[in-house]
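Each remark here refers to the structure printed beneath this line.
Chain naming follows the written order as A, B, C, D and E, and within any one chain the residues start at number 1.
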Amino acid sequence: MTLGESFEMIVFAVLAVVLIFTAIMVVASKEIVHSALYLLGAFAAVAMLYILSNAAFVGIVQIFVYIGAIGILVLFAVMLTTREVGG
Amino acid sequence: MVDYTALLPEGLLIVTAAIVLLAGLFITQKKILGYITLVGLLASLGLILKDWNLTATFDSAPFYGAIVVDPFSQIFGAMFLIVGVLVAIAALKAYGDNPRQDEFYSMMLLATVGMMVVAMSKDLLALFIGFELASISTYALAGFDKRDPKSIEAALKYFLIGGLSSSLMVFGISYIYGLTGSTNIDTIASVFGANPGLAATPAILLAMVMLIAGFGFKMAFVPFHMWAPDTYEGAPSIVSALLAAGSKKMGFAAAFRLFIVGLVAMKVDWYIAFMILAVVTMTVGNILAVVQTSVKRMLAYSSIAHAGYIAVVFVVVAYWNAPDSAVNLAVTGGLMHAFSHAIGKAAAFIAVAAIAYMILSKDKVDDPNHVENYDGLGKRAPMTAFLFALLLCSLAGIPPLFGFTSKFVLFLSTIEAGLLGLAIICVLNSALSVYYYAKVVMRMYWGEPKGEAFVESSTYTFVLAIAVIALIVLFFAPGDMVYQWAETAAHAVTGV
Amino acid sequence: MMDPNLTTIDFRMYAHWIVLLPMIGFLLELLIGKYWWRKGGMFATLSIFGSMIISYGCLYNVYVQHLGFWEYSWPWFYDGIVAGFVVDPLSLAMVCMVSFVSFFIHFYAIGYMSHDCAKNVYFAETALFTGSMFGLVLANNLLQLFIFWEMVGVCSYLLIGFWWHKPEAAAAGKKAWMSCAVGDCLFLLGIAMMYTIMVKQGITSEIISFNAIFQNLEHLSHEALFGVSALTIICILFMCGVLGKSAGFPLHVWIPDAMEGPTTVSALIHAATMVTAGVYLIARAFPIFLAAPNALMIVAFMGAFTALYASTLGLVVNDLKRIFAYSTISQLGYMIAILGCGAVLGVASVAYALFHLVAHAFFKALLFLSSGSVLHGIGNIRDIKEMGGLLKGMRWTGYAMLAGALALIAFPLTAGYYSKDRIIEDAYIYATHGGDLGYMVWIFLVLGVILTATYTFRAWYLAMTGEPRSYPAIHPHECGFWMKTTLVVLSFFAIFLGIITGGGKDFWHFLEETFVHETHTATGIYPGLNLHEIAHLGGNTLMHHGAHPPSWVIYLPLLLMIAGLAIATTVYYKNRIDVSKYVKKDNPLYQILWNKYYLDYLFKDIIAEKIIMTVFTFWDVLDRYVIDGVVNLLSWITIQSGQVSRKLQTGIVQNYATAVIFGVSMLMILVIMIRGG
Amino acid sequence: MGLITILMLVLLAGAILSLLTKTTAQARGVALVSSFGALAISILMYLTYDANFNTITNYAFEESGTWMPSIGIGYHVGVDGISLPMVLLATIVCALCAIYSWSEGKRPNQYFALLLLMDLTLIGVFVSLDFFMFYVFWELTLLPMFFLIGIWGGPRKDYSAIKFLIYTHIASVLMMLGIFALYYFHGASTGFYTFDIPTLVNAYKDGILPISQYWLDFIFITIMFGFMVKMPSVPFHTWLPDAHVEAPTIGSIILAGVLLKMGGYGLFRVLLPMMGVASTWFIYLIALFGLMSILYSPFAALAQKDLKKLVAFSSIGHMGFISLGVAASVLAGMDPARVVAHTGAMFQMFSHGIITCVLFGCCGVIEHHTHTRIIDDLGGLTKKMPKLAILMVAGFFASLGLPLCSGFVAEFGILSGSYHTMPIFVILAAISIPFTAGYHLWAVQRTLFGPYNEYLGDVKEIKWYEFTPLAIWVIIFVILGIYPAPIIDMMQTTTEYFLLSGDILPIGGIHVPPGGAVPW
Amino acid sequence: MIPLQYYLLLAGILFAIGAYGIMTLSNGIRLLMCVELMLNAANMNLIAFSTHINDASGQVFALFSIALAAAEAAVGFAIILMVYRLRAKIDIENIKLLRW
């Protein structure tokens, strides 16, 4: 295993842990706004993973579309449908 | 220079959709849009029917082989367009005064395009895109009556389960792609053919199961069906017509494209799985339809049962003992049944819409679709009731309507394949289905009318009459033409 | 055979018109009788008169002109089933008697039924009956005989129930039919078996006509069913039909009830003609019985037993018509018994039976008609306990009845004397040749004589002599012209028939030619039968001529008759003995007789009501709850499973998603299992 | 266009026209013209029928054309000595029913249209020589009857109509599977896919189907099931009494008179040639079904309180004779007897078709005039309705098998012709005769005779339009009872062809190996 | 080079979490989020395979998938907003007008 590979591996592991954690939190978090934010985190982690596996363009698109569009849409929806925090 | 004329029907629809959307911004007399839609659909249908026995191959090089135009896509295209025409005419009446009708028409047109693309696809990507195009349009259509909580609920359920199943589908596709290295269906099939062991790996099995779930959502296979009754019941009736007749058939188009080719190539024992699916689907659909009190929901369950019948095709195809003739006959029968069911079910939902419209206009009732409100309809609305009864006959498979012929051919294939138990279950289910159709007919013809006669809408009556005449005419002479068409299509898709 | 010098009409060619004329009469009565000519009666009577002329014409042809026996037929349906007519002494004797009696009873009925509003229907039915009876008698094949056998049964049913508004009448008609139906279905089965063994012999033309059977008896006697000679089984089945129609024990129960019909009907159908059809069947099929081992023995025994059995019942009945009904059963028993003796006597027994049949027809018709006249005269009272002293008011009727009664008890020189005593004598000859059972037959018949005399004159004395015992009996009114004429004519024959026929000898000689002479047909000749050979097939040995019973046997019946007459006179005329202390409900013997040996009770209360109705109820339960229950259960299960499983559709979208995931998992497990397996 | 097509078109046109009319008189006029036109055509066919046409490839008035050539469906019609009497029966019954319904006031246009449609579909079944057509008409008969029961029926019409529909539909779809198998195996072995009945049946019979006994038996038993339910045979009979009780009178008349005959007809047309190839114990099974029906019906009938239900059970028994006769006649035995049994069974179809019309017609008259059918509530009707009494007595007597009525000719043929091959069955069947007589007489006695039930009020005499058809039916069955040749000769020619020519059944009949009759 | 199996496993876990969420949660928006997670898992698979077999079509597929997911999400939120507008909450367990 080369150094680069080890590095890749470490990055992958970190991203994986982040991804799983955020994904779990999306499901488990009590506050729906927190869920939405964790979701953005998860999207970001996925985008990093794309870049890690040599699919940089898809990664960028992931960031644009998912974080930029969908994530914001989610937040927006949360705001619109929640009268006060905790709904 | 590539000849794109074969794609003209789809192109025409997209153009019409654009025109409708744009014109909707400027025109106040929006009813015209409906006629524009209708013209577009009819023109497209004409183009398809003109080349119905198409033999020249379409050069799909610019699409990297992702789409083809073959009899299979043609017959499904015709099916979707006929459904579209029926729905569009009905919409002239149902949404003729609605200020948002331009959205309705354009989404309907786009949904139709999506369905046609699925039927044309030779690549999982094209298939997926078409699938999603149709799905997303119909999500919106299901919630079109946005003041109606039922409509919204229908859309919500449809959307959520749809999202789940499309992710399942993509997940399945990803495995197939990963293990075969391609998303082209023919390539996939040849890879399977070359490596018989590959088809039995757990990943491929999982992928297949997920694809079955993904398509099964559209086709409303049990247990992926649960959204269907709710959505069909809650959505506006003419949208239900589009869903049950068009969108569902799109699921079959996709499944035929992928599974038939895949299954023929895979030589893996899938038939028991499909048999269980088919049997459970038709049985659950029928048994639950029996106990429904809402006619619309009953039609929804009957639609599930019909999905079960058509699923017989997969059983026959997957059955290793089935001779090639049986496989072809099964696919032919499946196509014919899809065809007859598309017309019959679309018209039946439209009839429900017409009846609900009449009932709401005269009687003060909560649920116009409740079967009690159908009492004495034979006297109150003789034409509608008569046509609806004939449509139910077609769905039940009672001659002289095309529904009988198609069921006849479909069940014939099970015997050809030697699947005796399946055949018996099928016909018993079919016999059971007569029960709930007959109950509606009984209500209509010998229930006591609850009020004076209705004024029947000529538009709705016209739609129903077209459908019934088509079904009757197809039963007589030109049924053979449909058979030949379906048979060519079956050859195109099975390749045997 | 045909004598060219005799220029006369050959009536034999028109024998079918004997049948057809009354049928036409039936249609005319039914359709236009109501509107024409006295509202009924004329068409029927005249058509039967026409039949009578043809009948006697045939008799003249055969008996006087010796034109020979004649048989002709047309194809009917199926291959080999024909409609055919046979003119031979046997059928002629019957047909002449039937037409004569029937004509006079119609004559009588014109008066008797004059006040009935449905008179035309009555006459239509009697005409149909008479025509059917002719058809039965003239039939040359078993099937045609059976067809008309059933038709006379129908007419009997309809006529018994003629006064349909009386529930007893309707019930009696049904009972008559049911009793006969039991016998008839077995008879039909016998015909089917006969058909089968005939086909087996390769016979295809006129397949179950009598002559075809007779000519092939030798082959047929080899057929066996269940290890027994097929002919025996067939004959037993025929015998069952006979027991039903001719009121043999135990199927006789319908006759007493049948007296609910108009008295003319009782006279015509239940005394003179229809009930003799059974006797006629055995006579007609005599060679078959002869060729069937043991068949005639059964016939003899059943006949003799019935004769005695019915006589005992006649002793206790109080209904005038029923007394005569039991006597009819008894006399029919005599006829059947003597036919059974044919195992020894050969064709002579047919002659004796037929002679008694004819004589019985006259005197029994007379008895019934005179009792009808009594009923007519005193307002339909039938209980002899309520009559008495009627002779004063109705001399014609009273003496006519006396004539009939004397003939019935075989008073010397009356018709019955020649016919019945001959039967008893020959039964003794049979007994001497036929073993112990033969003696039993003879003893039964002899005992019957004393009982017959007793009950007949019990009835006559109680009705005609003594003091009137009820108000209507004080002033009876005599019958009118139509009825009186008939009574006179019949009385004449009841008394003098024996003497006219030379003590029966002319009749017997004529009848004895029946089977042994050849029969002509349009295409050929059926040769006469050698009855001795046929008897050998059945293990019987016919007696050759010359056997005479000892003289005590000849005089015994006469003595017994006188004894019976004396008893009746002592008890019921002179009133020397008070029988009322025996005739009590606590006398077990009387009780048994009064309850008709509990046979009705057995049939009606136990078999019909208890057993069969229980079975039917059970059957209904089976049909409703088991067979149909399964059907309904299936639909119930379907609907219930729908009701249960629809609850899975909760409406909550997460559950739907769960179902999708669950479906994927299950499918995956399934696929892996299949692959693993 | 041949006579048969014209016949069907006349009825179709009549049905459509009648649907468009407004009043009873118009609808009735159309129905009378159309149904009597059909009757005239069928009589013309009868008169010009040439028995020499009677071979398996050459039917009288045969017409054939293509329909769906891709799967071998064709328009093929024709008649022979078994189907022509059935066509005649259907037209006679329906034409007289049109008279019988003279004053029908409830939805007359639909009523008469359904009557004509019923006629059309029944004739369609009898003339079809293509399994697809046959099946289509077979299914189509359900619809008019379903509506007749449903719209004009009695209080429990919902239950009865749906039971009738589903029960017989299940039977026919299973029959369809048998037809499929026959079609497929024939096509697979010869490469020639067709639904032509003669071709398929011949192929089955000649043993050219390359299939195991299992499949041969499957084909036989499914088709048999379809026919047995339609006949109906005990224990598949329970739809019939219910349907009859609730059906309007002409519904019952057509149901019992003609519709049940479809099952019997199928037995002759389709199953008979197959009997030599399928397992021989099926023959005994058919006979057993027949026997069960014969023995079952009187027992069940006597337990009924409803006159119409009683009559319905009588139909079951009479149809049982057909099964028995057919089964017995195919077994090896003496040819003349087999012919008699077989002809008797065929004649039973026609005869029962006529007789039962009178029975149900009388029930209908009684119900119409007294508003009840419960036997206990009736009594002494002769007082008020003497004409009805004559007709009803005639009908009931004919039904219990009285000689000189057509039923006797048939039953005698069946019993005596069957005895040599199935003695025990025949003996048991003969035992049913007194019971059959019993329940008929019981019904007549309780209905017509005895004191008049004053509770019924002032009952009017039978109307002329009820009397006329009933009287004509009575005349027909009496004439056929006395002189059955007009119908029976035609049947006998066909029977001789069926049984003796060797084209349909092995010459001499089907030999059952000793002990091989039943599988155990 | 990270082994393919790791990616697949990770995607599987992500998918499972999404599936778990969709089965248990009751808030409409959260369900939508879970659907998005699952789609991401599928896309990860595609990318991983694409890299592994060195074929671009997987990436193309993923791109389309992302685009369509966006469109789908937009429609989905529109629906959810309509639900909210009608019922003032998006608690789907109580949205069961349509059942049985």
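Methods note: a residue touches a chain if its C-beta (ideal position, glycine included) is under 8 Å from a C-beta of that chain, and two chains touch if they have at least 3 such contacts.
Every value quoted in this text rests on a predicted model; they were computed, and no experiment measured them.
Any chain bridging subunit A and subunit B, meaning touching each of them, is among E; the list is complete. Central chain by Cα centroid: D, whose mean Cα position is closest to the mean of all protein Cα atoms. Centroid distances built from C-alpha atoms place C farthest away from subunit B.
Comparing the CA-atom centres of all chains against that of subunit D, the greatest distance is found for A.
We define each chain's centre as the mean of its Cα atoms; on that basis subunit B and subunit D are separated by 42 Å. Distance from the subunit A centre to the subunit C centre is 107 Å, each centre being the mean of its Cα atoms.
Spacing of subunit D relative to subunit E, judged by their CA centroids, is 64 angstrom.
The distance from the centre of subunit A to the centre of subunit D, with each centre set as the mean of the Cα atoms, comes to 76 Å. Within subunit B, residues 156-157, 160, 164, 168, 229-230, 432 each touch two or more of the remaining chains. Each of residues 18-19, 22, 24-25, 28, 31-32, 43, 48, 50, 80, 92, 95-99 in subunit E touches at least two other chains.
Multi-chain contact residues of subunit C (touching two or more other chains) are listed as 646, 649, 651, 653, 657. Chain pairs recorded as touching, per the definition above, are A-E, B-C, B-D, B-E, C-D, C-E.
Residues of subunit C that touch subunit E in their complex: 646-647, 649-654, 657-658, 661. Residue ranges of subunit E in contact with subunit B, taken from their complex: 4, 11, 15, 18-19, 22, 28, 31-32, 35, 38-39, 41-43, 45-46, 48-50, 52-53, 55, 57-58, 60-61, 64-65, 68, 71-72, 75-76, 78-80, 82-83, 86-87, 92, 95-99. Residue ranges on subunit B touching subunit D, taken from their complex, read 323, 325, 393, 398-400, 404-405, 408-409, 411-412, 415-416, 420, 423-424, 427-428, 430-432, 434-435, 438-439, 442, 445-446, 476-477, 479-480, 483-484, 487.
Residues of subunit B touching subunit E in their complex: 124-125, 128-129, 132, 135-136, 139-140, 143, 146-147, 149-150, 152-157, 159-160, 163-164, 166-168, 170-171, 173-175, 177-178, 181-183, 229-231, 233-234. Those residues of subunit A that touch subunit E in the complex are listed here as 5, 8-9, 12, 16, 19-20, 23-24, 26-27, 32, 35-36, 39, 42-43, 46, 49-50, 52-55, 57-58, 61-62, 65-66, 69-70, 73-74, 76-78, 80-81, 87.
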